[in-house]
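Order of writing sets the labels: A, B and C. Residues in every chain begin at 1.
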């Protein structure tokens, strides 16, 4: 059966085998710096993970999230700051002594070994005796639903299956920390969605402290306890997915997490006037002047009836997205707005509609 | 390019699918014309028939006939004469020794090249140098070595004058079979580098990183992961080097002006003089023997090359 | 670098050798490999057996006074260039059109063609010559005993290299699509091949030509055992009377081949950049 079907129908053990029980650890990055010549890949980032927490590092390419993860793993050297696991400073420890589990984006399974031999590898490095090794590896494979595939080779498995094996391999040694470097980015969209849920479930059951790197904000919001948004080597905001979405600390976060309309307006003493409505300013105080306000599509209200209140606008395009609709409208002053609404409202191109705003506080950047 | 390409060619035929243009091409539609279009192939087919197929068949089969045309196993049996067997033995020995030395030294150089930029200066220099030296023709190479370690060679005289060492104390070995060893190694090492470097560069960094995260050391990486993954490619290259040395003629002809110490030289004798060991078509028999060896070795190489490409996709 | 820098990175992981290791290996190998070449150069500058050095061997090559004793030598060199030209001709006139034809009209025969072009690797020159001798007795009767007929056999020898060079290029060009587009615009087949396909195959064809030249100039086995005179047999023959000339010719031939292969390498690099 296909990968996605297998994921849906697999009977994951509700209680992982005792052999996989781990003691979760705290992880701390304290002012970590990494410098490449003139470029500061990591600019003094600080992050603390509580035991058993699932934290996502989110950001665009080049923001330093993978560098941070690799620094934690010991695969990159750091030029400043400290890295602590369970309070012990591991900055001086090489990778193989840090007791971590890591899942890479792709290609990490050893091609000349069977799946079972791959999973056993970490136990072999720890000199675990053969029968125990086999048994624990088999249990780890059962945990990810591939118990029957132990004798296969990596090139005989699909991408999703390979990543599951990689996960089993990382977990079987009972590491203190689990590191995931964009493990789903190389997979098909459907497999991605289902596999991330499975990963989260396993992580919750095992209670292992996890750091998950991704550039896909939807993915980060869906699976993590907390999300750290990174940009240019710095953390812009750390918070729960709700906090990031509803109260973005900076315009970059507001723009990066979820969709936003950028509406030109004016800021006066903490109140923004834009598109004929007023909004409170979210975040740090800014000097008065022209700004771009970030308004979420779901905070814009669309009404098709002629007697509705709000500003007049013309429908430019409308897309059906299954569970909701997204319509682009143009206001009289030419501003384009993206509106998210229920599917029952079906505006056609050229229609005149009325738009209003829910009035939640919004982020803003000074307009150029 | 050059010799490396032949190795890649065999590997391609063995298992890889050919690279296609990224935009899928329509399959060529059958054009009208029936048999007429086959005429386009006849010039090449004729050419290959005349200058490859017929000579190969002749080479392989003349061993089975006497000068008069009678069928005989006499010539083939001649291969098992002690002198001829000794010739094959020498050929095997020289090919094996130079293949092993070439493989080990070549692999070391490939290892030393790991981690360098593929477009960097060092890489381009090594690429060009190995291309040229792998093709360094037999005659010219032999002369270079005579100039270096011949009786009046640069190194010979330098050693004699400055270190009091006479490398020819026990006879001048350069112009005999042992002299072939250093000379063959000279083109074996570049050939090894050309064929093996792609395999080494095909080692994914994720494997080394995964090894580290799972608690392994450099030692476990090389012995448990990189070693086994590279083994088919290494042995395949070794076989290619063996075949290369086994089939070399020019170098030996330049260094060893008389005698038939290795199979190619024996063929030379057989072609120049009418009979060898009292048999008439020994050249054909020897050619057959050589082809059998070459086919076995090249078949082994193609099998291993297919295995390698499967793992390093 | 910080204290931690030694702990991470490719060297620690086993991915790359340390700088010291790298340069020791490369240095030793480079020196060892330079020795024969330098010895050849040194030898060519030796003044007979007197122990001093002279440029006379080099200048003597171009001295018109030496034209007579060197006549046979220059003839042999000329032969080699003629052979190279004819062999390139065979590649361009026989192999290239056949490859195009197979690529466009006979895709199933591709594997067959590939196999044919591999055979010369398994059947080396020393074996092939055993069967070529009788064939050449017939060839001589038809075409005479000029040296150029050797090119017919050389064409076979270079098949693996030329095939590979052209095929790499061919794989990257959408030949069928281009020819169909040209035909739909009204071009006849000669125009399609000359104006549309060949310009796109320039890189592979040039590479094939250069490799052919390099191989032909270095070929000894067939020439020697079929009793023809080319550059390599001449070098061998003249070495007994004038070893210095042999050394000089060897160096020049090597340098020439080096330049040819360098150009091919640069062609390949440029081509890759254009296609990426």
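Simple rule for what comes next: a residue touches a chain if its C-beta (ideal position, glycine included) is under 8 Å from a C-beta of that chain, and two chains touch if they have at least 3 such contacts.
Source: prediction; values computed, not measured.
Looking at the partners of chain A and chain C together, the chains they share are B.
Here A-B and B-C were compared by C-beta pairs in contact; the pair with more is B-C.
Note on chain placement: the centre of chain A and the centre of chain C lie 55 Å apart, centres being C-alpha means.
For the pair chain A and chain B, the distance between mean C-alpha positions equals 53 Å. If you average the CA atoms of chain B and of chain C, the two centres end up 16 Å from each other.
Among all residues of chain A, those that touch two or more other chains are 74-75, 94-95.
Those residues of chain C in touch with two or more other chains are numbered 12-13. Counting only residues that touch two or more partner chains, chain B has 209, 211-212. By the touch criterion given at the top, residues 204, 206-207, 209-217, 220, 224-225, 228-229, 310-313 of chain B touch chain A in their complex. The touching residues of chain B, when paired with chain C in their complex, are 1-2, 5-6, 8-10, 12-13, 18-21, 23, 25-28, 31, 37, 40-41, 43-44, 47-48, 50-52, 54-60, 62, 105, 108-109, 111-115, 119, 122, 124, 127-129, 131-133, 135-141, 143-145, 147-149, 152-155, 186, 189, 203, 205, 208-209, 211-212, 218, 221-222, 226, 243, 247-250, 253-254, 264, 267-268, 271, 283-284, 286-287, 290-291, 294-295, 298. Of all residues in chain A, only 73-75, 94-97, 99-102, 104, 106-112, 121-122, 125-126, 155, 166, 169-170, 173, 179 touch chain B in the complex they form.
Taken in their complex, chain C has these residues touching chain B: 10-17, 21-22, 25-26, 29, 33, 35-40, 42-43, 49, 90, 94-95, 97-98, 101-102, 104-107, 109-111, 114-135, 152-153, 155-156, 159-161, 163-165, 167-168, 171-177, 180, 207, 211, 214-215, 217-221, 224-225, 232, 235-236, 239, 243, 246-247, 250, 253-254, 257-258, 261-262, 264-265, 268-269.
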